[in-house]
């Protein structure tokens, strides 16, 4: 399971090293939260390491986005576009929906194995262009499934509705995606508050806390860690493991092997809210009860 | 009434021993709550004891789910699939709805008596594919009724709407199911909170408390019991029973026998919020008032 | 006005003796609240006193309900069904709606005078099968009107929507019914709370408090009275009556007789929040002001 | 402007003497609030003073309502019906809507001058039977306009929706009616609370407070006044009047006469939250500023 | 810019002298707030000063409104109607909508220059009679534009929906109107609260506070000023002006003249929450920065 | 990147100098917030510096807006209109929508390079005139894209719905616009509160605080700065830069150059909530981890 550096300063450690390759990540935020900045940082980071880049924009504003990058100081973007490492695609949501349905599968087959970063900014109009929740789901599911073969996908999503991420525009891609990042941008007293949170990340440990972030000119989104999250003592975990080996001698062999392997991988932080004795008893109960 | 071990560490004791065989259980949770992990643990547990397994996935992501299992360390899944003990079915919601209506009954008849575990992950698009609440209800009712003949069913359900489990996607299957488990995944201050709660469980005593749970790499969902719930003293209960026998001599015989049997089964915890004297008076009132 | 013992321990005293015969009662509750248990207790109680029983179930789950009864220890149900004292009817909501419109009146005429208990569990899909609020109202009104001639009706209703009993599925039958019982099942901190409340009861005094209840294995729903509600001193009430007779000599005769009779029936608890002097002055004002 | 005694104990004083003749009053309440009891008290009170009575019921439950009256001890109702003083009309909402549109005007013309009390219990289905808000408004407006020629109208209205009287079923008749009474029946802790409030009363002073009420067997709805509201000192009011006469000598004659008359009618309670000096200055400003 | 005396005691000073002639004012309030009383006061005040009056009522209740005026003691209304100074128009919303579209422009042309007061009570059904928000807006915009040529318009509007003035019935006319007055009538504890607030008033200074008001029999709506709002010291303002003249010598001439004039018109109260130094710096920045 | 002076006193410093030329700004506010005043100040400011002006009004109220300007003391507007520097366009939303679709592109081509200020007041009905969210988005996106070629655009937007800027009328243009300014006008106790906040501003640093503002007669909208926001010390920033140069020697050259440039542009205020050490560690991690 390979991980890709995200390009967003401080995010990789929240994702246990970075974004898993060939997955789909959704980045949700209100107007002004920094969604496009996130997408640009991600794509520019790929340029640095030689990945191919595809930037699909749905609101006919390719020009604006490039301006924004240049104003950020990322003038190299012009060269990447020129030499074809970075491709911009400007499509209406309907055109793109048709492309997904009719041409994406053969496109994916032809693309072959090149490692690439794919951005869709924003995904929202693609969802709106479908007639109902059922079709929205089917299309997004299919889109993610196909694109995962081609590269590592980041889609931005606008917050619509009551602000608790419950509108269908947000919730359907959240269920379909492998990884969900929320850029929460809200009023707090007379000022504002910016918090980044990893809502889910399939197949990975991930931070479960909300982290302050800023959008710094020239730098982009930077997450503010109060302190590094503990990267894993195993003192308690080893005691549990020893105890486990003692008590689980009678388990069927394959089960014992599997559990032994799982417990070997745990760290002290995993036991923070768990009483190891009851935990082991539950295992006993499961197999002998 | 036979009970099936769920495979989720710590859940069986909350269900008075496990999931009742040939029932339908619904597991509800938001994105990131661990629904698929729950489903995988359940099905893998069945593999260990020789049950057949059917894993129906509605979002064309069989491949992802298998990857997730392998990343969890449950590599045996590949062999179970290979030797046919575990069957994956990848269907669109419309295909599956048609299957339910047209072929399920004859399928159930042919299946005969093999003990099996059936997972539908997620059930949500099946509900969305129906035109209205009335048809949704009818289909889910029929689906559960038929599948109960074949095995023990676990369906996952996404939370949609305001987060209080009131949207039709969740509430209809909740009424139809025999057992409902809620994986509540919510923001708490700057962190998150994960709570598992048994909302209902027909024909069984069940825990009425919310319990912390974690998703441990390699292990899966583990419930954190603060302490084991008391497993049933009967000191008070026996006094009530003696008192009952004293006072109920004049009841009709069949009634006396039935109530005697019922009271014999109660435990002290059942009387926790009940005044035994008033309770017995209510019985008197019911039959002599 | 005859009253029927409900079979739910502790409920009769909240209804001033029981359910009035030939009325329609609606029992509302969320998933897990105990609606079917309530319905079973009610019908089994009728079996004990020789009533006929009709149990109409709309979700094709007659089999499940009988299992639930047997698991509760009420094995006699099998015999009652066998000897025809208890009839189960398994209908879809559309079939039942058609039956109500076309055959119910003639059915009621033929049934004649046998005393019976009728359960509809749940009524919700019958309401959903109608095209709009207006037709829902008309059908439920007609259903209750006809069934009152045949027996004493108990319908269960699911809670849908925001949980304050305001959805049309609940509010329309609440207005149509003679008696409404709410089984409130809600989260409280990390546990749950179960409260039974009589929302309305036409033609009867009824408790206006919420009461804890439990679902006890073998016993069923039992209400937990903190103490018996006072069953009616009349010390204050008699003083008011004497005062009334003194002051109301000049009223028209028929009015005097009617009011005298009404005041004779009151108890001290009726005056709890009323100042008797102002009360009598209001009467004077009404007739002489 | 003649006033009619309402028959509800304690209500007349809240309406400055009673219900104005030939107006339309709307009584709003949830299930169990006592709407039908209110309507019965109103109609029975009319019987005592020789008014004609018309009781229009929309839910085919004339029989139930009469039973309810008899159980309340108002057995005279049977005789009033027999001798034709009280007429019950049992109509579906559609029949009644047609009647309003096609026959009501000629009916009103024929009826002539007899004084009568008219009840519609409940008005809600009449509103539901109309296709939209616009038609609902037009029909209710027309209904009230016509019926005011025939007698004094009381309609009951069910509360639907969020409980703040904002659904179209309630708000449209509230704007059309001359007088609106709210029977608020709500949960308070483990008990309930019943409060009667006059929301509006055209052409009349009315109480602006919520008052406790009870439904007493045999008596009906009785309002609980903590103390009689002050019935009008005029000490302050007379000083203001004298001051007015002093300062307003230069006003145009007709204006002076009109204001003099208005101020003569005020009472001290009218000045409770008004500073008389600023009040008089505002008048000066209006006419001289 | 001429101002019209409103006839509502205490309102003129909140509007810096009265309602601007040839504008459209919207008065919003719930049932019982006093909208019709406001409209009557406004029209009667016009009668006193010889204005023409047109009272358009949409709910077929001309008769009721006149009764209400007479009961208020404003018996002169009968004579004004008789001699044609006050014209009542009773129209359905559809008739009136057609009139607006087809006949209003030529009507306005013919009317010529007579000064008049026009009331529409209530405007709500006119809005409901249009098929959607877009047409509602267009019609109201057109109505106000035309009527401003004829006279000074006051429309009443009912509050519908959640009580925060956000329903389309209220918000569209609020955006179209020149002046918006809210009569807020709400429950406060066991009593009620009446507050009048000027939400907006184009081309005028206006009060930004909520003011208590009462509806006094014979008098009508009277606003309760705690104390007169300060009518404008200029001590601070003059210092700012002097400072401005000192610092702004280098501004372009026309700009200097315009700003000099603007600052000359300000009062101390305008600087209440502004730091004059920063204010002047902002001006410098605007023109020299 | 050129900036345009906005004409609103105190706003430019919140936008780091003014509105970026050839961008689209959206100004949102409720009735009475001062949207039209904002638009007028912006356009008049352009007149002073010789820009062309186009004022598109959708509600047929050109006349009213000019009156409002004149009453504000901005009488020069009449001359600007006369000599063609300022053009008013009065269109219905449908006409304007058609113009956008069919004629705008060729219009933009012909216009050539003149610098101009374009106002649309309000944009709301243009949005309402489209059939659904998808088309609304497409049209607004296209409109902004085209108009940016012609000049610097300011559109006003009405607040509709629950007051949290979540209705589609507001949220779609907010996502499309380069800059969003919210004029929040709300009730606070018995008074009101006016707060201006820059919600987003692409390609610019901007204030993230809410600022009091007033609408002063003759002056227009003036923002009340409590104190000037710090305009940028760099003491901390320089230390971070030195540290960076020390630690980042091994980075790839192009990356080092880019980051060096970015960090050189930062100010102390940018580090307010960031620990510089962790920040630098995150950079190390991104490139070496």
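Chains here go by letter, A, B, C, D, E and F, matching the order in which they are written, and residues are numbered from 1 within each.
The criterion applied here is as follows: a contact is a pair of C-beta atoms (placed from the backbone, for glycine too) under 8 Å apart; a residue touches a chain by one contact, two chains touch by 3 or more.
None of the values given here were measured: they were computed from a predicted structure.
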Worksheet item: Out of curiosity, which chains are bumping into both chain D and chain E?
Response: none
Worksheet item: Going by the stated contact rule, which chains contact chain A and chain E alike?
Response: F
Worksheet item: Which is it for copies chain E and chain F: same residues on both faces, with over half shared, or different residues?
Response: different
Worksheet entry | chain A-chain C separation of Cα centroids, rounded to whole Å | 54
Worksheet, complete the sentence: Averaging C-alpha coordinates per chain, one finds the centres of chain A and chain F separated by a number of Å equal to 31
Worksheet, complete the sentence: The answer for chain C against chain D in the complex is residues 1, 132-134, 137-138, 141-142, 145, 164, 166, 168, 171, 174-178, 180, 195, 197, 199-203, 205, 208-210, 252, 254-255, 258-259, 261-263, 265-266, 270, 273-275, 278-279, 281-283, 285-287, 289
Discussion item. For a test of understanding, state which residues of chain D touch chain C in their complex under the given definition.
Written reply: 5, 7, 9-10, 12-13, 17, 31-32, 45, 48, 59-61, 63-64, 67-68, 71, 73-74, 76, 92-93, 122, 124-125, 128-129, 158, 160-163, 187, 190-192, 212, 214, 216-219, 222-228
